[in-house]
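Shared between the two complexes below is chain A, which has chain B as its partner in the first and chain C in the second.
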Partner chain A sequence: MEWIGLLNYALFMGIFIGIYALLALGLNIQWGFAGLFNAGIAGFFAVGAYTSAILTSAPADGRIGGYDLPFVIGWIAAMVAAAAIAWPIGKICLRFRSDYLAIATIGVAEIIRLVIKSEETLTNSARGIAGLPRPFGEWPYVESQAAFLVLVAAIVLVVYLLVERQFNSPWGRMMRAIRDNELAARAMGKDVEYRRLEAFIFGAAIMGLGGALFAHFNRSITPEAIDPMVATFLVWIMLILGGSGNNRGAILGAAVVWTIWSVSEIATDQLPHEYAVKAKYIRLFLIGLLLQLVLRFRSEGLLPEPLRGDQGNSGIDRERSVQS
Partner chain B sequence: MGLLEFINFYLIPGIVLGSIYALGAVGITLIFAILRYAHLAHGDLATLGAFIALAIVTSAGISPLAALPFAIVATAVVAVGIDKVFYEHLRERPKIITVIASLGIALMIRAVVQVIWGVDSESYVRGISRPDVYFGLRIRDREIFTVLAMLGLVGALYVFLKQSKWGKAMRAMSDNPNLALLSGIDNRVVIMLTWIIAGGLCAAAGVFLGINTEIKSMMGWHMLLPMFAAAILGGVGRVEGAVLGGLIVGITEELSVLILPGEYKAAMAFVILLFMLLVRPTGILRGKVL
Partner chain C sequence: MLELDQLVMDFSGFRAVNRCSFKVGEGTITGLIGPNGAGKTTLFNMIAGALVPTSGKITFEGKDITGLSSNALFARGLVRTFQIPHEFHRLTAMENLMMVPPRQPGEKLWANWFSWRNVCRDEVEVERNALEALDFLGLTHVAHERAGNLSGGQKKLLELGRTMMTDAKLVLLDEPAAGVNRTLLRKLEEKIAILNRERGYTFILIEHDMEMIEKLCDPVVCMAEGKVLIEGDFQTVRSDPQVLEAYLGERSEAA
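Up next, the complex of A and B:
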């Protein structure tokens, strides 16, 4: 039954595109809206995944958690937890140029990785947390996958509509003003640090939700489930390629990049084992090169940020703030 | 715990690790001050330097210290090349774009290392090196070489920056780029010199980390945070500050084992970084804040 296999694969890929689209939307709030460089996306993702896992899994010996709560509560808690991690980091780093935030978020992701690996009572360390409830999990396999895809798509749609609404509201205008000319916005009486903190926390919360969806889709979460650097980087290339500042661009970028990434993995897995291992790194190299090419030749992305008012230039090339 | 034990098991390893961080942090602080962005591929450039030295050690059969000059030159060339091919055309754009590009470069360099040399841990020389005992202090030869090489390289750089014409030009670019350009300093030469110095020191950091521990593809990435913490702790743009910062971060990491589980050693750099940004973002020696 060839087509069943293809259908399954398409469903699987659709669910992953949905999860990555959430991450890209979260990053779009931070980078597209506010010009904040978050290099620790995987960290917020992991916090969301583990928070939901701890709250919704069945009780187990030797670790905290296993409260057996409904998954909806776990997902909301995942967003709250990711936001709670983002708050102190943003509070300290957002006074400075975004370079400092980039370094600090790399650090946060690294520390979260260390905590996950070594705190057995919290995360069950290397074995991870298994047996998470999955929405529609008791249905037959294909139907269950399809239902989960519909759920993910619905969540992406709701998040998209909410973020799009924010983009076009006075709040969104103010955020772009801060991004494009910090001094002028400050002179107009805008609280630049506070607004940036808002954008950073909102973005982190959405990344946490993405992590929770990932954990419940797999019914388990382990430290090896995602490669932090690869995941973070994929989300960045999704947003930049799709078009930063454009929510549809973020979703399109997620679809394009994930399709390339996952189809090329299938292709390279056909190779003999020795070459397949190397091919993984060649794919990483090419995705890094793709970023360089997009930055150089099409920095506004596939779907550029819509022009509003009489803004002359578009894309990520605007002067984001007055550079000293 | 006696004083000797404290020195042997915490202070000396801390100073050695700190010297390695200092070598990388000096490059980061120069790039931060002159080119004005955080270079996130710095750690992976150090990895590349360590592996280039490994290739020379295994093919020519010489000691890693003899291979060091070649690795320094090769990595400096790579650094200048990366700047020419990938960073140069982003120069007129907002600096944060170059930071994003450097994250991609970090991934690309690591991918190259992983394709050529694989992901297993390697070492320059087989066997265990036993420490010599000097008045009760247990010190290995390689540890002496590491600290001396750091002092020599950074000392030479310090003299270069203070005395030579191009060193002064580099400091002028760091202090006030517009004024420096107006007075006729050639921007391209200054940028190239910055990359040569940063790339060479990166290779030294990678090689000495490889000599003292092991060589693996993630070694540089894990050094990135301590190196940035050291640069900011010392004050961005201050070479002597980067050395001081590197030593403090290295010693703090080793001492942290006394009160924290060993797994969290790597978290100390992050704590220092946030603490400095909170209380004194200019660093100990009053550097720049971007």
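Up next, the complex of A and C:
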């Protein structure tokens, strides 16, 4: 029965890679396209997860929500809510230069986490919200995992295609221009503040979707899941390692980093008990080391940002050849 | 077309531009000369909306444009280039031009998902214009090169090219010839003259290359220490004793 265990593990890993791929794609819109240093991914992730949890969980006493809605509505609402939260944050914070934006977004994410942790009536504070419906949850275990993986993969594919289309379009070109040279983009008539806000909200919505998928996969969400280490910095490492500005790179980065993160846990679990707990921290070290090596030897990431738009291999050119 | 009235710019106690007034007529190429630190670029920044003047008024086509943002001014046909090239370095030369046209349908997020055909149709047009501009500037061979990899002179040309991608009326050129070799310089002069003649662009040109000023500019405005010293045709300005003292510094030779 060993192989069933392995298969399960692989499915589990695949699902997490899919969820992280969404977060990395969201961050790629903000950082890779628009150059916005968002260090508060965990905040949008949490808003998405909790929005969907509140809407889809069963009614409970002393708590707002529990509307028992289907998960699809929860997921759409998660994107809307994350976008709605991103709007005022962006309005205030996007005026800062990038390093200040990073600090401001870390702060905002912490505020969101603390609110969730202490707000009894909305989020059931530290106990979190449990009993969320999971798509295909009633199926036998392995089949259910496999079906969920297929669903996640399909969502990642759709999001990838939507984001890739934007990257190649005039919108993406304008965003990359703003990223490369704000002053010149302004002088070329582009409304920099508004466009940045657009990218920020777009990215946040996808992060919110990632959060919702995470919550429904676990059937529950607790404030512990919104740890900045795993919900923010791991995503940053994925994007930088995979190649910021490259959507495939974002997905590849998610796969590579999560595999290392997850397999190294198995490795440390093999150690005698007194070391196993301490050894968990070596994983953080490993990830940090990896980041250092990538930045030193391949700073543009595994898959560097491609040349776009006018290369004859873009979506627009393909479309054109169809027309002619 | 453009009228500057008593413009003042203070940088925390330092007065970079002091009561500057002059007019720019439609279809002219106005040369703006003066020693380093005379306030020429500051003046440009105010006209182009990058800086808000401390006091004074800027009128463009009869309308007060003082303090408008640079993207609003762009929409009115006021386009600038930069003294130090501000190319979009990770975009290709082609993309640098293609990003310029305003109100492209593909600049809307939704349009790219829901009316992609429409976006593509517009792109074909934009691409043709960009190719034309690159051809005009002799940059076709580097069309698909990242702009950051171009030479300094090519970046200067690319900046000029960006002004060709929109319906510009007034173009502000900040030292287009700086760092450009002699051959390319003559070409640049030619391009500016053609744009002025055929497209009806009005230019204001900051330049230290007197040959270029002499060939292209009428009138010429000379600034020093934040003030306008004199305004007139090249010969008048060139032989003005004040200008010689402050800038050209060749009094004995010219006199």
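As a convention for this text, the second predicted complex is superposed on the first by the 306 of 324 C-alpha atoms of A that agree within 3 Å, B and C clash if a C-alpha of one lies under 4 Å from a C-alpha of the other, contacts with A are read in each partner's own complex, and residues count from 1 in each chain.
Here is the rule we go by: contacts are C-beta pairs under 8 Å (C-beta built on N, C-alpha and C of every residue); 3 or more make two chains touch, one makes a residue touch a chain.
The structure presented is a predicted model; accordingly, all values stated were derived computationally and were not measured.
Of the two partner chains placed by the overlay, neither chain B nor chain C lies in contact with A:A267.
Of the two partner chains placed around the shared chain by superposition, neither chain B nor chain C is touched by A:A126. Touch criterion not met for A:V80: it reaches neither chain B nor chain C.
Look at A:M188: by the touch rule set out above, it reaches chain C but stays clear of chain B.
When the two complexes are overlaid on their common chain A, residue A:I64 makes contact with neither chain B nor chain C. By the touch criterion defined above, A:V142 lies against neither chain B nor chain C after alignment on the C-alpha atoms of chain A. Counting the residues of chain A that each partner touches, chain B and chain C differ, and the larger count belongs to B.
Under the contact criterion defined above, the residues of chain A that touch both chain B in one complex and chain C in the other are 316, 319-320, 323. Listing the residues of chain A that touch chain B in their complex gives 35, 37, 39, 89, 92-93, 95-100, 102-104, 106-108, 110-111, 114, 117-118, 229, 233, 236-237, 240, 278, 281-282, 284-285, 287-289, 291-292, 295-296, 299, 316-321, 323-324.
Touching chain A in their complex are the following residues of chain C: 48, 50, 69-71, 74-75, 79-80, 82, 86-92, 94-96, 98-100, 102, 104-109, 112-113, 116-117, 119-120, 122-124, 126-127, 130, 143-144, 146, 162, 166. Of all residues in chain B, only 32, 36-38, 40, 86, 89-90, 93-97, 99-101, 103-105, 107-108, 110-112, 114-115, 221-222, 224-225, 228, 232, 261, 263-264, 266-267, 269-270, 273-274, 277-278, 281, 289-290 touch chain A in the complex they form. Across the complex, chain C is touched by residues 162, 165-166, 169-171, 173-174, 176-177, 179-181, 183-192, 198, 202, 245, 305, 307-311, 316, 319-320, 323 of chain A.
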